[in-house]
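The data blocks that follow each hold one structure.
Paired with chain B in one complex and with chain C in the other, chain A is shared by the two complexes that follow.
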Partner chain A sequence: MIISVASGKGGTGKTTVAVNLALTLTETETVCFVDCDVEEPNAHLFLKPVLEGSVEVTVPVPIVDEEKCNGCGRCGEICAFNAILPLGKHVLTFPELCHGCGGCTLLCPASAIQEEPLEIGVVEWGQAGSVSHIHGRLNIGSPLAPPLVKAVKNHAENKPERAISIIDSPPGTSCPVVASVSGSDFCLLVTEPTPFGLHDLTLAVDMVRELQVPFGVVINRAGLGNGGLVDYCKAENIHILAEIPFDRKYAKCYAKGGHLVHEFPEIKRVFQDLWHAICVTTDRV
Partner chain B sequence: MKIAVTAQDKSLDSEFDSRFGRCKYFVIIDLDTEEYRVEQNEATIAVGGAGVKSAQFLANCGVDAVITGHVGPNASRALEAAGIKVFIMESGTVRDAVTAYKEGKLTRASGATTDSHTGLNMS
Partner chain C sequence: MKELLVISGKGGTGKTTIVGAFAGLAKDSFPCKMTVLADCDVDAADLHLILKPDVRETKEFFGLKRASMDRMKCNNCGECRKICRFDAITAHEGRVKIEPISCEGCAVCFHICPNQAISMKDVIAGHRFVSDTIYGPLVHAKLGVAEENSGKLVTEVRREARRIAETLDSPLIICDGPPGIGCPVISSMSGVDLALIVTEPTIAGIHDMERLYSLARDFDVEVAVCINKYDLDYEMSADIEEFCSAHSVDMAGRVPFDEEVVKALVKGEPIIPSRSTGQDRESPAANSIRQLWAEIFNRLF
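This part shows the complex of A and B:
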């Protein structure tokens, strides 16, 4: 079973929810934690895994043999990202714009294009107590998060079949988030009861509906802000599965890299109830 | 000799556009005949590589030089490879740009004059 944790707005508490749900589940399940926020992975600050291995992730970028090039310009015409610029038989490539689709190589009638791997980041894995931990780290300056997110998820597929994978998604609703959430059995959308939290939640709801992933909402910092969020969820028939109250002691615990479910019994109950609600919603009882 | 000016609208009296890759229009002027034509820039909405796409467009138009406000690293590399000279102006109309070019008052850029994605933050 794969549960993704996403948000829309950044800083709502995705990692807090993902980490504490994972820790709650370790008592009864085999848990694999998958940090897909490859631009800024941070779950390891809480789970503190001992890393055991890593692998480089690359995308194929074109190399043009100008002796073979017939100057037809087809490569430039089909590139959606303007990563290859044919100027007669002189062809420039822009590897940092390339998404590695291979289209230019495939369609070159003169077979003048070869591909070479361009490193975009690494997948790292290890063990945090009984939790298998996997995350990706994108190279600074690389814009290509989705291929690395997919590599992180592929690595997670090697884990035991009955394991529960918890995916910590990046914020927002852009390509890296779609890559993270796609294929999940269930998605938790973490939000906060503020106008910004509500606005970005509506975007995230549109995204998960488009992806046809069943979902529910977790309200973090409950008690803060206004009631617009609850009204929206009622009107849209969206289940609010858990609420974490707004309290300075929880923020302090988070800031120290602590575990809410281990320090506060009332929060542990919130996460046990959350897991129960997910099981009921997904017919896993 | 043909020069292009990045422009915010479609005439010689339009304000010039300081963005290169994501400018709204290119006004292309033939200095020998004084004739001009206006082309909408399709790269304005490119998901990436707008500077490269704009450079390709100007190369296909047979332009010898472009007058703009900034060029990023990818645009600069593409324009140089295409043999298109880059002249920098701060503000004015398209007509001002052409006059300043003819009088030799514009600075020629060598290399990029700004970072990538500058034009994305200026719309």
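This part shows the complex of A and C:
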């Protein structure tokens, strides 16, 4: 079973929910934690895995053999990303704009273009207690997150022993999030009871509905503000599966990278109930 | 004209709260000129929730074109499926189909289809707005759900904000930045006069601030740091200050945790309204943000 944790707004507590759910489940299940927020991966700060291996992730970018180039300019016409600019027989390439579609290589009439790998980041994995941990780290200055997200997920799929995978997704609703959430059996949308939280939840709901992934809502920092969140969920027939109250002591525990479910028994109960609610919603009882 | 970007790496550290307060403070600092505001978080834009804009112009934003198939011409030969690197073409029982959500718009299938069955169609990927607020013009946008956030819409928002600022002879553009360090952040950051990183005293806040700082340094952008909710963990706040002094980064301010911030937010108001609204708000966070603004103002002008 794959459970993704997402939110439109950043900083609502995705990583908190994902990590503490994983820690709760390890008592009864084999858990694989997959951090897909490759721009700002954070879950390892809480799970503290011992890393065992890593692999570079690359995208194929063009390299032009100017000896063979006949200056036809076809590569520049077909590139949808403005990543290749022919100036007569001198061809400039912009690897950071390239999506690696392979069009220029395939369609060059003079077969003057080959591909070479450009590193965009790494996938790293290891063990955090009984949790297998996988994350991706995007190289600083590399704009292309989605191929790395896909590489992280592919790596997780090769772990045969996992019973439950928990995916920590990046914030927002655009392509890196879609790459993270698609294919999940269930998605938890984490929000907070403020107008920002509500507004961005509505965007996230549109996204998971478009992806046709069943979902439920977790309210973090409950009690800090209201902003019509509960009314919205009621009107849209969305299940609120858990509420984590706001308390300075929880904020302090999070600040240091602590585990809420280990330090606070009342929070542990919240996560046990959350898991039960997920099981009921997905008919996994 | 100066451009100030407020950014964070990690989401939810308080960027938009600070930008909302700066909007009112800038109005008071420049009584005869207009500051232009730009929300560069086009994926989950929130600034409009506290600035209450009156939308006066809406423009469609076209992203990359997407592949579309003419079923009458397609003979299901599957050539397109072989070359697509984004798994955007699938086959079910020999019938080839385009999955629009996975299509990146590279058009390679369009070029190689032996039956000319594929065309590239324009897609409305979002909308860009120009609005009036009591603080000055606001340029903002909404990217469609599941669209590519390539940074092009961010660039479009910034270009329009600059055009308006030039027309109005504005002294300042304040940009609310997106989270992360990828495409939209790079588009928000290039060429700004100062990036104010809003961080929080948590292990994740510090980690993300460090990655963002490296990115800013790669792009030669000047950086200042502000710790929001600094009193939630004094030790972590001290770590942030240590990082700043080790890297010669300006520590521009510290803002305490303050429930007034949440109360103002729930009302849909900035934590500091402009004096021109006839209101004033005293609270620990509001006072610290006033000091922060004075610091930033001195850095810029």
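We take it that the second predicted complex is superposed on the first by the 282 of 285 C-alpha atoms of A that agree within 3 Å, B and C clash if a C-alpha of one lies under 4 Å from a C-alpha of the other, contacts with A are read in each partner's own complex, and residues count from 1 in each chain.
By our rule, a residue touches a chain if its C-beta (ideal position, glycine included) is under 8 Å from a C-beta of that chain, and two chains touch if they have at least 3 such contacts.
Being a predicted model, the structure only gives us computed values, none of them experimental.
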Partner contacting more residues of chain A (chain B vs chain C): C
First (chain B), second (chain C), both or neither touched by A:167: neither
Partner chain(s) touched by A:101 [first = chain B, second = chain C, both, neither]: second
First (chain B), second (chain C), both or neither touched by A:81: both
Touching partner for A:187 - first (chain B), second (chain C), both, neither: neither
First, second, both or neither for A:196, with chain B first and chain C second: second
Partner chain in contact with A:217 - chain B first, chain C second, else both or neither: neither
Overlapping contact positions on chain A, where the chain C interface meets the chain B interface: 80-81, 143
Residues of chain C that touch chain A when the two form their complex: 8-13, 16, 43-44, 46, 49-50, 64-65, 83, 85-86, 101, 104-108, 111-112, 143, 145-149, 151, 178-183, 185-186, 200-204, 207-208, 211, 214-215, 218-219, 232-233, 236, 257, 259, 262-263, 265-266, 268
Touch list for chain A against partner chain B, complex: 76, 80-83, 85, 87, 90, 92, 94, 97, 143
Interface residues, chain A side, partner chain C - complex: 8-12, 15, 39-40, 42, 45-46, 78, 80-81, 99-103, 106-107, 138, 140-145, 170-176, 178, 182, 192, 194-196, 199-200, 203, 206-207, 210-211, 224-227, 248, 251-252, 254-257
Interfacial residue positions of chain B with respect to chain A in the complex: 43, 46-50, 52-53, 55-56, 59, 74, 77-78, 81-82
